[in-house]
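Shared between the two complexes below is chain A, which has chain B as its partner in the first and chain C in the second.
For the complex of A and B:
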C-alpha cells in the first residue's frame, strides 16, 4: 500500500515537473516577447542594424517560403514512399531496407544534416546559401517522419474499402488514388502540418544552408534567406550590431511559438473537419 | 426429374437440371436459362492448404443460386473465385477451369478488371466508401470514364431506384454514406455495384449484419434483380436460401484442415424437401453445422 502510494506520488510529480518546465519555458518566452510579437510594425517591419526598432518581416517570409518549398519536395516523396511501403511492398528485403534506412535517418542529429547540406547542396552543387539548399536539406531531415506518419495513415484505412475498390474493377493504382489516399488524407495532412512546425522550428540545419540575417524579403528560391529560428540564434549569439537585439530575438521567439501553436491547432481542426465530411463521427 | 446429385467419386458435371447441351456455355435449363458460369474441377489453394477441391458447378443466368454450408466449408472462398478476389491472398492458386460465358477467367490473357466489372460483389459488412451517397454510386461509372454530369445523375438515380433506396436518400445524395443505417448502407453497396451494369452479382452473406426488416428488404430486392442479373448468394441462413434462391449448392468439409467439397447441387425446392444426400438432409434439418 505504501509502495503503491509512493509510486503514484513520484509518477505524478514527474508528470507535473514536465508540465511545469514546459509552462516555464513558454511563460518566459511570452513574458519577454509577447508585447513585441503582437505589434504589426515589428512583424511586418524592416530589420535594422546599428539602430533600434527593427522588424522581422524578411525572416517571417523566409520561414514560410522555406516551409512551402520543403513541403513541395517532402510530401510527394514521403507519401510516395509510404504508398510503396503500405500498398505495394511485399514483406521482402527491399521493404526492410527502406524501413531500416528511414529509422536510421531519423536518429541522425539535425546539425549533421546541416553540414551535409552545406557540403553537398551549398558547395558541391553550387546552390550557395539559399532557400533551395535549405529546402533540400530539410527534405532529407523530414522525409523519415513524413513517410512514417503517412504510412500509418494509409495502413489505418480499413481493408474493406480496398476490397470494395478492387471488386469494382479498380487497378491497384486506381484503388490507391481514388480510395486509399482520400481516406488517409486527414492523417497525411496532420503529419504535413506537424512537419511545418518542425521546419520553422529547425535551426541547426538551416544555419549552414540558408543564412542567418537578411534585410530584404527573399523572393527567389536561389536567394539567401534567414528563417526565424536561425535568426533568433544569430541575434542571441552574434547580434551585437543590433542595439535592441534582445527585444528582437524575444519578440521573434514569441511570434514563432504562437505561429506553431496556431498551426497545430489549425491542423487538428482541419483533420477533424475532413473526417466529419467523410461521415466519421470524430 | 430435374434434380442433381453430386457425390464424391461420381462423375461430373453435376448439374443435370434438364440441360439440353453439355457444351461449354450453351447449356440451357427447362425454362431456357443459359449457363453463366461453368466450373470444372475447380480447386483452390492458399499456399499449401487446399481450400476447395474439385468443384463442378453450372450457375444459370437470371437465376439466384444460393451457396450454403457450415462455417469454414469454403463457401466465401468459392464466391471469391468467381471474381478473382482470391488473387489478393498471398500464395493463392486455382486449378481447373472457371468459364464465364465460355471464357476461362483464369486464363493468362483474361483481364481481371473487366471481369470484376462484369461480376460485381456485395460484402458481408456494408462497406460504402467514406464519401457522399452520390459519390459512392458514381464511383464505378467515373472509374470507367463517364464524366458527363447529366449522365452520371441519371445513372445514380436509376441505380438507387433499382436498389430500392432512391425514395429514402433522394434528399440525402450529398450527405456522407456512413450516416445511413446499416440496411441502407448495404443497399447503397448494391446500387454501387448495379451502377456499372454488371452481369453477375455476388453477395457474401449480405444480411448477416442487418436486422430482420433490413434483411427482408434485401431479399425482396434480390427477387426483382434476378430479372436482369445472375445472382450468387452465400448465406449461413438456410431459411434465407430457401426463400430467395432458385438453386442451392451445399458445401461441406469432412474435418478440420480438409478442403471444402460440393456435396449437392440442385433446385432449391428439391434440396430443401427431398435432398439426395443424407449429409445435406442432416445439415438442413439442423443436426449439425
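For the complex of A and C:
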C-alpha cells in the first residue's frame, strides 16, 4: 500500500509540475514584457538604433509575410503529398521511401535547414537574404508535419463516403476533390494554423536565410526582412546598439508568445467550429 | 483531354509532390556534405574530431561541441523523462475525467512555446538565478539541461501517452481483477506493455534536444572549451554553428558544415533507431491532436 500511495503522489506532482512550468513560462514572459507588448507605439512603431522608444512593426510584418509565403507553398505541396500517400500509393518500396524521407526531414535540426537554405537559396540561387529564401527553407522544414497532419485527416474520412462517390461514377480524383478533401478540410485547416505557429516561432532556420534586423517594412518577397523570433536573437547579441534593447526584446518575446498561444487556441477552436458546421465528429 | 488522361496526370503530379520530401532530404544531405568537403580534405578527420578548436592555428576539433551536445541532451533527458512519464501516466490513469482536457492542453501549449522565448527566459531568469545560488557564470550545462528538459517534456509526454493509451484495457482489467494495486498494475503491466512506444518517445525527445539551438545558445556560455563544471560556459554543435556561421570563411566555415553533417547523420540514425524499437513508422514528433 505504501508504494501505491507514493506512486500516486509522485505522478500527481509530475502533472502539477508540468502545469506549473507552463504557467511560470507564460507568467514570467508576460511579467517582463506585457506592458511593452500591449502598447500600440511599440507594436506599430519604427525600430530605433542609438536611441530609446523603438517599435517592432517591420518585424511583425516580416513574421506575417513569411507565414503567408510559406503557407502558400507548403499547404498545396503537403496536401498533395498526403492525398497521394492516403489515396493512391500502394504499399511498396516507393511509399516506404517517401515515409523515410518525411521522417528524416522532420528530424533534421532547424539550424541545419538554416545553413542549407543559406547555401542553396541565398547564395546558389542568388535570392540573397530574403523572405522568399526563408519561405523556401521553411517549406522544406514544415512539409513533413503538414503532410502527416493532412494524411491523418484524409484517412479519418469514412470509407463509406468513398464508396458512395465511386458507386455514383466518380473517378478517383473526382472522389478526392469532391468528397474526401471537403470532409477532411477541418483537420487540414487545423494543421495549417498550427504550422503558422511554428513558422512564427522559428528562428534558427530564419536567421541565415531571411535576416535579423530591418528598419523599413519589407514589401517585396525578394527583400531582406526580420521576423520577430530572429530579431529577439539580434537584440540579444547586438543589443548594445539599442539603449533599451532589454525592453524591446522582452516586449517582442511577450508579443511572440501571445501570438503563438493565440494561434494554438485558434486552431482548436476552429477545428471544433468547422466540425460542428459540417455535422460530424471525427 | 479524355478523363483517363487527366486522371493519370493528376496522379503523377501528386506523386511528384510526395517525392519532394525525398528530393528535399537528398538535397540537404548533398549540399551539407559538399560544403563540408574542404574540411575533410584540408583539415582531415583527425583534426576535425580532435579536442581543440583554434582556427587561428589551424585546429578545427569539434569534440568540445560534441561533448556539449551529448551532456546537455543527457542532462535534459535525465530531468525531463521522469516528469514526462509522470505526466503521461497522470493523463491516462489518474486525472479526474473533467481535468484531462486541461492537462492535455498544457502539453500542447508547452510544445508550442517558441525556443527563442524559452531562451530569453533562460537568459533573463534561469541563468541569474543559478549564478546566485550555485556560483560560477550561471550559464553552462546545468542551465542548458534544465531548458532542454522543458523542451523535451511535451514531446516525450505526448508520445508516451499515445503508447500507454494503446495498451488494451483487458490487460489492466486482468491485473486489477487479480488484486493488483494501481501502482503494481502500472509497473508490472502497463509500462512493460507500452515500453517500445515509451522508448521511441525518449529517443524522439533526445532528437529534439540534440537539434535545439536558440534556447540553448542563450544559456550555454558561450565558450569553445570543455566545461570545468556544470556552470561553466561551453558550446554545443548547434550553438557553435549558429554563432559562427555568419562570420567565418574557408576551412573554418567548412568545418561548421561538417558539424551540420554530424547533426544530420545523428538525426537520421535516430529515425532508424525509433523504427527499430517501435517496430513501425515513427510516432508523431510534435503534438497534434
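Heads up, the rule we're going with is that the second predicted complex is superposed on the first by the 280 of 282 C-alpha atoms of A that agree within 3 Å, B and C clash if a C-alpha of one lies under 4 Å from a C-alpha of the other, contacts with A are read in each partner's own complex, and residues count from 1 in each chain.
By definition in this document, a residue touches a chain if its C-beta (ideal position, glycine included) is under 8 Å from a C-beta of that chain, and two chains touch if they have at least 3 such contacts.
The structure presented is a predicted model; accordingly, all values stated were derived computationally and were not measured.
Partners chain B and chain C, brought together by superposition on chain A, fit side by side with no clash.
Judged by the touch definition given at the top, the superposed model places A:171 against both chain B and chain C. Contacts of A:160 after superposition on the shared chain: chain B is touched, whereas chain C is not. Once chain A of one complex is fitted onto chain A of the other, the partner contacts of A:216 are absent, as it touches neither chain B nor chain C.
Once chain A of one complex is fitted onto chain A of the other, the partner contacts of A:113 are limited to chain C, with no touch recorded for chain B.
In the superposition on chain A, A:179 makes contact with chain B only, not with chain C.
Of the two partner chains, chain C is the only one that A:80 touches; chain B does not reach it.
Once the two complexes are laid over each other on the shared chain, residue contacts for A:51 go to neither chain B nor chain C. Comparing chain C and chain B on the residues of chain A they touch gives the larger count to C. Measuring from the middle, so to speak, at the Cα centre of chain A, the directions to chain B and chain C differ by 100 degrees in steps of 10.
After superposing both complexes on chain A, the closest C-alpha pair between chain B and chain C lies 10 Å apart. Residues 171 of chain A touch chain B in one complex and chain C in the other. Note for the complex: chain C touches chain A at residues 3, 6-7, 10-11, 13-15, 17-22, 24-25, 27-28, 31-32, 35, 82-87, 89-91, 93-95, 103, 105-110, 112-121, 123-125, 150, 153, 157, 181-184, 186-187, 207, 210-214, 217-218, 238, 241-242, 245-246, 256-257, 260, 263-264, 267-268, 270-271, 275, 281-282, 284-286, 288-289. Against chain A, the residues of chain B that register as touching in their complex are 83, 85, 88, 90, 113-114, 116-117, 120-121, 123, 125, 127-131, 139-140, 143-144, 175-179, 189, 192-193, 196. Chain contact summary for the complex, chain A toward chain B: residues 90, 158, 160-161, 163-171, 174, 178-179, 182-183, 277-280. Within the complex formed with chain C, the chain A residues making contact are 1, 3-4, 6-8, 10-15, 17-19, 21-22, 25, 28-29, 32, 76-77, 80-81, 83-85, 88-89, 97-116, 118-120, 124, 140, 143-145, 147-149, 152, 171-173, 191, 194, 197-198, 200-204, 207-208, 229, 232-233, 236, 249-250, 253, 256-257, 260-261, 263-264, 268.
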